[in-house]
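Below: a set of structures, written as structure tokens.
The following pair of complexes shares a single chain, chain A, combined with chain B in the former and chain C in the latter.
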Partner chain A sequence: MSTENMSTKLDRRSSKHAKWNLWLNKFGVYFMVILFIAFGTLISDKFLTVSNFMNIIQAVAMLGIVAVGVSFITYSGHFADMSVPVIMAFSGIIAVGAVKYGIVISILLGIAAGLSIGLVNAFVIGKLRANPIIWTLAVAFVMNGFIRWAYSGNQIYPDVESKGNVAGQIFVNLSRMNVFGSLPLMVLVMFIVVIIGQILLTKTKFGLQLKLIGSNYEAAKMTGVNVSRTVGLAFILSSVTTSIGGIFLTSLAKVGAYYNGIGYDFNAVTAIVLGGMTLAGGRGNAIGVLGGVFTLGLLSNIMTLIGVDTFSQAIVKGIIFIIVVGINAKSLRKLGRDDA
Partner chain B sequence: MGENKSGLALSMNHVSKRYPGTLAVDGVDFEVCSGEVHALIGENGAGKSTLMKMIAGSFSDYTGEICINGKEVRLSSPSIAKENGIEMIYQELSLALSLSIAENVLVGNLPTKGIFVDRKAMVERTRDRLKRVGLEHLDPLMPVKDISQHEAQLVEIAKALGNNPCILVMDEPTSALSREEVERLFKIIDSLKKQGLAIIYISHHLPEIFRVADRVTVMRDGKRVGTYEIEEVNAGKLVELMVGRSVSEFYSSRSTHLGEEMLRAEHLSRYGFFHDVSFNVRAGEILGLYGLAGAGRSELGRSICGADPIDEGEIHLKGQKLAHKNMGQALEAGVAYLTENRKTQGLALRLTVGENALAALIPKHTKNFFYSGKDDKPVLDRLISDLQIYPPDPSRTVGNLSGGNQQKVLLSKWLSISPKVLILDEPTRGVDIGAKMIIHQAIEKLAGQGNAVILISSDLPELVAMSDRVVIMRKGHLIGEMNKGEFNEETVLLAANGEGGFVNVN
Partner chain C sequence: MLNIIRSKNISKWIDNNRIYLIFIVVFLLATAFAPNFFNLFNLTNILRGASLGMMVAIGFTIVMICGHMDLSVASTLNLGAILVIGMQPRFGWTVSLIAAVLAGGIVGIINGLLVAKAKIHSFIVTLGTMTIVQGIIYMYSHGSSINVTDFALADWIDKAVIPLLPPRVLITVIAVALFEVFLTRTPYGKGFYMVGGNKETAWLAGFNTDRYLINAFTISALMAALGGALFSISISSAVPNMGEKGVSPLMIVLAATIIGGTSMAGGKGSIVKSAVAVIALGTLFNGLNCFGTGYEVQIFASGLVLAIVVLYEAFALYKQDRLRGQRPELLKELEDGRFKKI
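This part shows the complex of A and B:
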């Protein structure tokens, strides 16, 4: 009797421990955010100011918009979309090209351009079951070449393309304008994307079935989930948010070019994994991803404040990625999930 | 040598291992002598596999003391276990199918000449090892995929013997073997025993244990119940020890109320798998579907539920033609299929009991785009108590549950939507007696509520006891059917082999 009592007590304690571990996996990234903020405050008095924080959030807004979209793919166990940079470049360049028809048409056509790549990815990966990394890498190469061929390697400029139309100026302002007083539009869009993403992932049939797919593709299939359609939808959603990010990026750069968006694929995956989504799939959420994005933003900001150059920053980010993936795999194994 | 108990090969003193939430092995003492076959039995979840994983060096965080040949060792990694002469043979073979026998047997220490593999030495060494397991007739250069299942099992043993182990652990080594092959394996085990090897033999089949073991240790709930000389015990006693209660009525007789025809298959074919199959099943009926491996049973089940296509023929559900293009549509109509492969196709092991059990309910509980979880809790509570899922906590990760409880979760996924027709493919494979009884009761209850059940099972006692009617498949054809009272284990098996008397439906 007494031994039984003891073992149930132990049982309860370790179950609490497991729950704590799960919680840590879900939102633990915000501890890192707090840690970075504390560290930043210590090393520079310029750090803890409203304007600096606005800078940080604005700097990562595009990454946030992109990463939430890509996180659908990670969540489904299909790793990532390596065609993210080319989708950003393509949507941006098409939007610039269409700016002469007005700003609304320009934005819609830009998103449609990125979406078209997403639709192809959705079909080839969702339906034909191509390897997501290899396929999206191939798409990135082909589309990159196509854009350079189509524009003869040239960049195009919104102010030139608009032919004096006011839309050119609006396009450039998209990434610079504030709404509700001093809230940058980009940041507003990022929060909206995060909220929609969080709801989609946790409150809808799509999200719940995506989790099942990410946890065990075959089991999801044998539970009657339409796996092709659901995985395809993840790639389509990713391409849409990536296009929105691409249009903002192009607006910020004031130029549509094939090289826009370089590095966003890798940064997005780093933010996603930092945010508690395992590459194995089926774990994590959009709010966590946002935390990952903030972490990267704080890291860049602090490194810039203490005078680390961009090349070294890239190295640091790469190393962090490796460490995070390692810790992630290890903590999952500790929870008894060998398959993660 | 050859003398029992010539020395302790392995002794484990008060070892324990904790998973999050469960103490899988709880202060167990276990010992094996050289030249002894020591059987280890227990229900799924009793802690056998965890104890064996401990011996194999899978855990670095166990507590207690392990001695090998009298010397204390810390088995914290698989390579340390191997160095100490421990070899495992698992249920699932670990051979690389496209490589040759020789490459598989000598993996990790292929003989080399300079930087190249020395093929001649490789062949010779492999032949030596194959001789020890009675496979001298095999060509060492043959790829493993070309040899039979039984030979592969022996090759696996030859591979393990190559490292000159002193302790050999065999986990259900006969699950894929025929009767004669099992006998041949036992002869080899006998000869290994004479060579002084300590063998730990894990099995669910009690007759095998009485044939091969010298002593038997029974485990229950992570603890050792006792160790007995094999002469001291009989099958009934062992079952009682494993289950912890006496199993008087294993299969209860149930009264069946057959209703109207629920599902009718008309001339179904899927080219290359099954041909011109016609049968029906009525409401409240449990229809047994039997056939030897490769007869097309599972393929038929998968096609009916929409997981695989149908090339010809029609399915009628309650008199209406079922025109499903995929599993989702079949499910909507009320036809579900419980896969035989729990781990790869059945459950998402990383998710919780609740998430798995409710997986099939997601579309039903989605209204106006949003999933409503307000009905989740009562449904879950009912499933967990009906199937006595242990631990009764829906937030547990399924992968940490025992095999029997995993199987219950898998079944609960379909019970949650009460399908009109449920096709069960090996619903109790590798499941202990306690869980089996609960699963059988749940199946009978489902049928009793006026649903139809198609039971595919290789477990003849189960099939015979559960079914109201049995249909037999052989080589892709449905060759006959037998009604309650007309069949027993023997006639069903004979029919599946194309012999014996049965009603031919064609």
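This part shows the complex of A and C:
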């Protein structure tokens, strides 16, 4: 009798802990966001203003758009997409090249360019099961060389390419445009992408299948999930959002070049993992990823306000990244889910 | 039946030695078609260019054999490069070289401890240390390139004292040979393959798996720092952002390791093959350079080689996966008519 009592007590306690740990694992990143906001308010009175927050969100909007797309890949247990920088560069440079045919065609062609790389990735990784990191790395090499060769290493400018057309001006304004009064277009797109991503990941058949694949590929296959199609779709979605991010980046830089988007691959992974997704797959959600993106933005904003130089910022960011992910992995291990 | 066995053996042999075949093909093509390729000066140049990658590939391959990934090698080699140059005017070459390599070793120990003891995914740990070390490098160098005051060593280390083998290349080749022997001939070295193949089994068999992981990351960082230091000595200066806008050394080494046949899942791989792959990529770059093609074609070509190798591996696995649970040799006998269909 007493042992039974004991065990139920232990059960209850462990389940309480489990719930807490699970909650921490899912939305713990927002703790950090609140912590940073509180800290920022304490140290500077310039921090808690609308314009500063708009700055922060605008600075990370492109990373947010990209990271939500890449999170589909991480969610399915395929680590990350190393071809993110070249997809961004390629979609941007194609969009700039097509700007003379009008702004709509330019954007559509840009996204199509990124999508074409995504389709190749989807086929090779989804169907032929190549290692995602190495294959996307090879794609990055090939496309980097191709873009440099096709444009002879030059940059192209939207206002020159449009030949006096108004579309060039619109293209440059894309990243500076406000809708509904004072909401930047980039931020609106980021929130739309996050909401769509969250619904896709948690509410649809596709998301559930992706979770199953991320948790256990073989089991998913045996259950009858069309694994190659689902994994392929994740890569295609990632390439679409990445090319949207690439077009915004190109518009912001006012120049289409092969080096646009360098660093976005690892930054996206940082944001995704900070947001509670594990590289093992099948865990996390898009809102968490958004939290990870905000964390990065807040961190650099606060450090700039304090007056930390860029080089030390990298060090602090790296340390916080490792600590946060370590805590996350430990909380998962306490749950008995030793796969982080 | 005999035919099947023989063809299987041949394809297996090709699989095992594919990097040597790739190297020979690239080398022969370059010799035949590229102008000014086959002469002592140019061949020495290829080896000089490849020695940095070879040095980094040693440790990188060991980490990969353990089933992990070290993204921080590029930063660590940069750290070694910048420290040895920055400290030389005050302390002289010997002290600064030792200090630079040891600094790299500290990075490796931190990586290893975080991966083995804190049990964080190696991809994440090394991504973090990559950022941290890069920040330290920028802080140390204030973002500008550094030069030395003593150029004598730079002259000596890249001069072809022995034909084809300047001291820097010689050091690299010796290091590759030593680590290959260590990994394949000594009981301790063979343990790396055990740990990478199946960590649980290795642990049950009495291997100290944590110690192996820490050692692997430490070797990787030490060799990366040594390679970077030797490289920067040979050019007498160091920049904080080596290969940032082009293709980073990490990507070259990763590509070479994969082309050399090391598996990302762990438990399989060879240092010599990785080193030969680095030389093969260098030969490809150099051969294309002889035609006067630009850097972009070289990136494109190396990407293409990597893509073909990955595709080939993936396709082989795909075929194997489709045949899983079947007995092709029995089906073949059935087709041959040895057995009657019921």
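Following the convention adopted for this analysis, the second predicted complex is superposed on the first by the 332 of 340 C-alpha atoms of A that agree within 3 Å, B and C clash if a C-alpha of one lies under 4 Å from a C-alpha of the other, contacts with A are read in each partner's own complex, and residues count from 1 in each chain.
Keep in mind that, in the parts below, a contact is a pair of C-beta atoms (placed from the backbone, for glycine too) under 8 Å apart; a residue touches a chain by one contact, two chains touch by 3 or more.
Please read these numbers as outputs of a predicted model, since none were measured by experiment.
Once chain A of one complex is fitted onto chain A of the other, the partner contacts of A:204 are limited to chain B, with no touch recorded for chain C. Of the two partners chain B and chain C, more chain A residues are in touch with C.
In the overlay built on the shared chain, the residue A:35 is in contact with neither chain B nor chain C. By the touch criterion defined above, A:104 lies against neither chain B nor chain C after alignment on the C-alpha atoms of chain A. Of the two partner chains placed by superposition, only chain C is touched by A:142; chain B is not. Overlap of the chain B and chain C interfaces on chain A comprises residues 280, 338, 340. Residue ranges of chain C in contact with chain A, taken from their complex: 114, 118-121, 123-125, 127-132, 134-136, 138-139, 143, 244-245, 247, 251, 254-255, 258, 264, 294-304, 306-307, 310-311, 313-315, 317-318, 321.
Here chain B touches chain A in the complex through residues 18-23, 26, 306-307, 326-328, 330-331, 336-337, 339, 344-351, 355, 359-360, 362-363, 366, 369-371, 391, 393, 395-397, 399-400, 413, going by the rule given at the top. Residues of chain A that touch chain B in their complex: 7, 10-11, 14-15, 17-19, 21, 203-205, 207-209, 211-212, 215-216, 218-226, 280, 282-283, 335-340. Interface residues of chain A facing chain C in the complex, by the touch rule stated above, are 79, 124, 127-131, 133-135, 137-146, 148-149, 153, 259, 262, 266, 269-270, 273, 278-280, 310-315, 317-319, 321-322, 325-326, 329-330, 333, 338, 340.
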